[in-house]
Amino acid sequence: QDTKVAIGISGWTGFAPITLAKEAGIYKANGLDVTIKKIPQKDRHLAIASGDLQCAATTVETWIVWNANGIATTQLFKMDQGMGSDGIVARNDITKVADLKGKTVAASAPGTNPHFTLAWILKKNGMSLKDVKLVTLEPAPAANAFVTGKDLDAAVTYEPYLSLVRDKPETGKLIADSLQYPMVFDSFGCTPKFIKENPKAVKALTESYFQALEMIEKDKQKAFTIMGADVKQTAEQFEKSQAKIKWADREANKKFFNGEIQAFNKEAAELLLEIGVIKAKPDNMDTLFDTTYIK
Amino acid sequence: MKLLVPVKRESRIALGVAFFIFFVALWSFLSLSGAVPKHFLATPWQTLVSGWNLFATQGFTHDVGMTIWRVVGGFVLAAVIAVPLGIAMGVYKPIEAFFEPFVSFARYLPASAFVPLLILWVGIGEAQKLTVIFIGCFFQLTLMIAMIVSGTRRDLVEAAYTLGCKDSGVIRRVVLPGAAPEIAEALRQVLGLGWTYIIVAELIGASSGIGHMITDSQALMATDHIIAGIVVIGLVGLLSDVAFKKVNQHLFSWSLLR
Amino acid sequence: MSRLSIRGVSKTFPGHKRNVPPTQALLPIDLEVGDNDFITVLGPSGCGKSTLLRLVAGLETPTAGEIQLDGTNIVGAGADRGVVFQSYTLFPWLNVRQNICFGLREKGMKLSEQREISDRFIAQVGLRGFEDHFPKQLSGGMQQRVAIARALANDPKILLLDEPFGALDNQTRVLMQELLLGIWEQAQKTVMFITHDIDEAIFMASRVVVFSARPGRIKTELAVDLPHPRHYTVKTTPEFMALKARLTEEIRVEAIAADH
Amino acid sequence: MKLLVPVKRESRIALGVAFFIFFVALWSFLSLSGAVPKHFLATPWQTLVSGWNLFATQGFTHDVGMTIWRVVGGFVLAAVIAVPLGIAMGVYKPIEAFFEPFVSFARYLPASAFVPLLILWVGIGEAQKLTVIFIGCFFQLTLMIAMIVSGTRRDLVEAAYTLGCKDSGVIRRVVLPGAAPEIAEALRQVLGLGWTYIIVAELIGASSGIGHMITDSQALMATDHIIAGIVVIGLVGLLSDVAFKKVNQHLFSWSLLR
Amino acid sequence: MSRLSIRGVSKTFPGHKRNVPPTQALLPIDLEVGDNDFITVLGPSGCGKSTLLRLVAGLETPTAGEIQLDGTNIVGAGADRGVVFQSYTLFPWLNVRQNICFGLREKGMKLSEQREISDRFIAQVGLRGFEDHFPKQLSGGMQQRVAIARALANDPKILLLDEPFGALDNQTRVLMQELLLGIWEQAQKTVMFITHDIDEAIFMASRVVVFSARPGRIKTELAVDLPHPRHYTVKTTPEFMALKARLTEEIRVEAIAADH
């Protein structure tokens, strides 16, 4: 009897190993019956609250937001880290972040990573969200609107949608990315209730992820084909999209949850409070993750 | 041209076809001449081919099927409650007085704005999609049916009383058959409304459906797929409407006599 | 003995909205209608003729007074009083036969019996061959013939007709009068017939009741002693003329009073 | 309860109010008793306070203003084209034959599905929002107006001819005044339709508006804000409808005489 | 000299849909209407009376034949032929005065002049005090009086009336006949008046034209030599009776033919 799990993710290239684990039958082999739901980050917590999702992949600061706003969730393992595959694209006449002052910038809704990214980068440059005109657009339409229209001066987006801009250098370029500002980390987590009731399945989810990474190492071509197909890319296109992504293996995971995340969470919570996405910091940030399963 | 004078059947058809030809010609010109960049607007031919491919190779039939089932499902749910409630409201004015102000107000609540709440309340499965359609259809339908039933011809009701009917007989044998054609017509119109909500319903958490296909294609700027999707919804909506109309005409042929 | 007794019946409609005063439609009225009487009620527009008929039918309740049919007080509408209205009130979703059988089916009568009765009345109103037609496929005159047959099929104690031929053209109207009179001469029903038309009122009646302008009361009653069976040519006889001349004068003053 | 018999004004109001009280009581029970977790459903009182705060401290008035302007703007655009086109179609049947099949079909194209295309074509500014509303209203309105004008009483047209009118006089002095009340009524109904599209239009690329506020409230799980937003749209829609109705009744008082 | 000459005019309506055969509404008809004639056209339902009137009004074009008014062929509708229809065709958004001035305004007449003319006709049809009423605030009889005033205000060469009193109740109808006849006796207009009602046809006419059942043709013409001014009591005189008896027979056969 396979354990049923519904996982909410987005089209972000960093989440592709989950698709791979499902499509290549890794989950199945580990006794899991996984359903993957593509659902925008801004809605993902609602779906968890409704009970339709037990697990999700999302950026690390979102777990703070969700828990602070009443949706109990626990991270299990880190998946990847932005290495420049997400960031702010801007018109060619905008050369540095400071130039964004007073400009129209597209980012996804509050509580999502692009929104947070923008706030973070602006803060590092001595500005705040109030200094730009913020337009709510999900990463995909943001990239579309940026390359095709004139309404936007800048947009926050990520791979694979960054490729749209990459293909049209005349429309703009990346002015700030997650390599310069190391603050985009993705992790995978589930509700505490699910973890408590299905420890075996949780272990299997974790192991499946690591097995998917192994498969990418072993059979790149096949893995890229499967992962690309999910976002309607060829293996070659996908290879380009994932070039700057570094998936976290077991070792990287151990390292991340031992110090790195604590530091990041502290800074992130401050900022989230500042921009009004949470009303109070979670009491104990260490309950946001559970490192039992990566051991 | 003379005022209000009908045109012959043949010229009517010819003129109607002419507009479609004109429209496609304009579209072709815009997309082929380069007046509009290619990725802004697919050519008609490309759209047609993509549309065909969607069905032939990408399992679009399943998407269309899911969309139809959601619209019809939500609509049937709405109808199952709205029809008896509307009839009760139309017939018994105290019931109408009780529900009418609330329903009148609720009709203005935009179904699409409920999406975030619905995700919380009923999740992201089929229930959420059905509920969006339900909200979009239910209040409107209830009001329309109550109005129709209120408009029951008083003289026919009185005639039934003088022929020996009691209240229940009047409802069963006069109010219902008299209102049936208009209720069917209201159902048809509201089903048309349902189609306009499905895209919103399928925006979130769907893994199939025409709306899902359109959202997917958006990321890739596949305007051919988007246009094909829109046209397919239009066609399905039109077909369901025509079919509904035919069924009504067949069921209530007496109401068409003049 | 009277079949229908109307004693001191009056009707005032309350003004539903504010600032609308109540309408006194009928001043207290006394009227006795004998068994097999054919009385016609003549009066200007708005004098309360329909109101009286609706009171007898049980579709309205009197403000004062009482109405008895065969000695029993009337409460609400019932199948013992057949009504034909001026507006076409056939059920448009039923065909001619189904319309005629409407009341019979309500009584729970057997189908075969329904068929027999409806056949008889369809023949009587001259609509054989039209059994399966829907009301909208019939001319106005035919529709009213079906309405009469529908009312008669229930075998009511009294037939109440409210300007049933008012919307028909003159020739059809004359033919319908002869038809109804023929039925009455055969079946001996008690009939109360409301009309505006003096010729019509005299031609069919055994008694003509003339109403005054609103608020209505009975102004004159006039027995019509023309012999039966009556033929349409009776309308150009001197006896008829005399009655008509008299009623014309009676009604004319009321009509002028009502119009302004 | 007697069939179809109206209830007195006082009881009618009392019953209508009763339902609202019942509704709020149920809502309070669900949210206060803990039958539904707090973050799933705000209490009525909390919703009211939040609604008030939205206006008082969070500049919600601006959002509401933007939303109204978008709906009204898109609607006016649609009306400005649809009214003359619809009239021309109604009066001159060849024009109707030319446009009608296309417009009939286009009416089924879901406005919300155009959003991805519109981002490409007109960007993400106000133009996109207006266009969504425009698409949602235009085709429906054109058809309704053509139908209304087609229904012009032929006997009045003929009377005008016998009184010496030429075609232009008939249009100006008979067709237009005769159709005006119904056209105004159609405009009112279609404006109501416009309100249902605004949320979709504001979902994407907005930085203000009620729809934008609802999206923003999601992260905080602020169901109180979401519900307040929905109710405000409902109220604004209802108000605009009532105001429109009053204006129509005032302008076309003759058509209300009986 | 004839004011209106109808020569060999016939009308066949094409069957618009497939399988619907064309309707021959009117067989070739010849009719001369003299200056100041008041002719009434009598005939059963559907015999083509309205069709003839609409041909004269210019609202239909004849299939064959020609129609001349004062020696000129008729092309389309025009203000020289005033028409009053059976259905109420007042413009509901205009008040009584505006309705009466409709044609005058179309001619571009000065407001003061419009006012003068409308005042005269409002007085003539007895509607003083109702100038600002809208059609729906008037009774049927009043509406038709406005319609007559509206047609007359244009000072047409001929007045065409198609059962203008058909929807009125009998008493109102009689009063309207007297009103119209009074106007004609004063103003000496040429009038063509269509009706179903034999009394009405005789009472007003200088000549009665009887149509056969469809397809219509003229069956009889009958001059009415009753003296003017006529009083309503003329309807119960023996001369009137004789005419009525004769027309009743004529029309009865046609009506029976038309009804079945």
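A few comments on the model shown:
Each chain gets a letter, A, B, C, D and E, in the order it is written, and its residues are counted from 1.
Keep in mind that, in the parts below, a contact is a pair of C-beta atoms (placed from the backbone, for glycine too) under 8 Å apart; a residue touches a chain by one contact, two chains touch by 3 or more.
The chain list, named the UniProt way, goes like this: B, D = ABC transporter permease; C, E = ABC transporter ATP-binding protein.
Being a predicted model, the structure only gives us computed values, none of them experimental.
Taken together, chain C and chain D share the touching chains B, E.
Under the touch definition stated at the top, chain A and chain E share these contacting partners: D.
Counting C-beta pairs in contact, the pair that comes out ahead of the other among D-E and A-B is D-E. Averaged C-alpha coordinates give centres for chain C and chain E that are 32 Å from one another. With centres defined as mean CA coordinates, chain D is found 39 Å away from chain A.
Work out the mean CA point of chain B and of chain C, and you get 48 Å between them. Once the centre of each chain is set as its mean CA position, chain A and chain C turn out to be 84 Å apart.
Residue positions 40, 116, 120, 215, 218, 221 of chain D each touch two or more of the other chains. With touch defined as above, chain E holds no residue shared between interfaces to two or more other chains.
Contacts with at least two other chains are made by residues 43, 46, 49, 141, 144, 148 of chain A. Every pair of chains in contact is given here: A-B, A-D, B-C, B-D, C-E, D-E.
The touching residues of chain A, when paired with chain B in their complex, are 11, 37-40, 43, 46-47, 49-53, 140-141, 144, 148, 160-161, 164, 231-232. Within the complex, the chain D residues that touch chain B are 1-7, 11-13, 15-20, 23, 40, 90-95, 97-102, 104-114, 116-117, 120-121, 136, 150, 152, 154, 157, 167, 170-171, 175, 192, 195-200, 203, 210-211, 214-215, 217-218, 221, 223, 226-227, 229-231, 233-235, 237-238, 241. Listed in rising order, the residues of chain C touching chain B in the complex are 57-59, 76-79, 81-83, 85, 87, 89, 91-93, 102-103, 106-107, 134, 136-137, 150-151, 154. Chain contact summary for the complex, chain D toward chain A: residues 38-40, 116, 119-120, 123-125, 204-207, 212, 215-216, 218-221. Taken together, the chain B residues at the contact with chain C in this complex read 153, 155-156, 158-165, 169, 173-174, 177-178, 180, 252, 254-255, 257-258.
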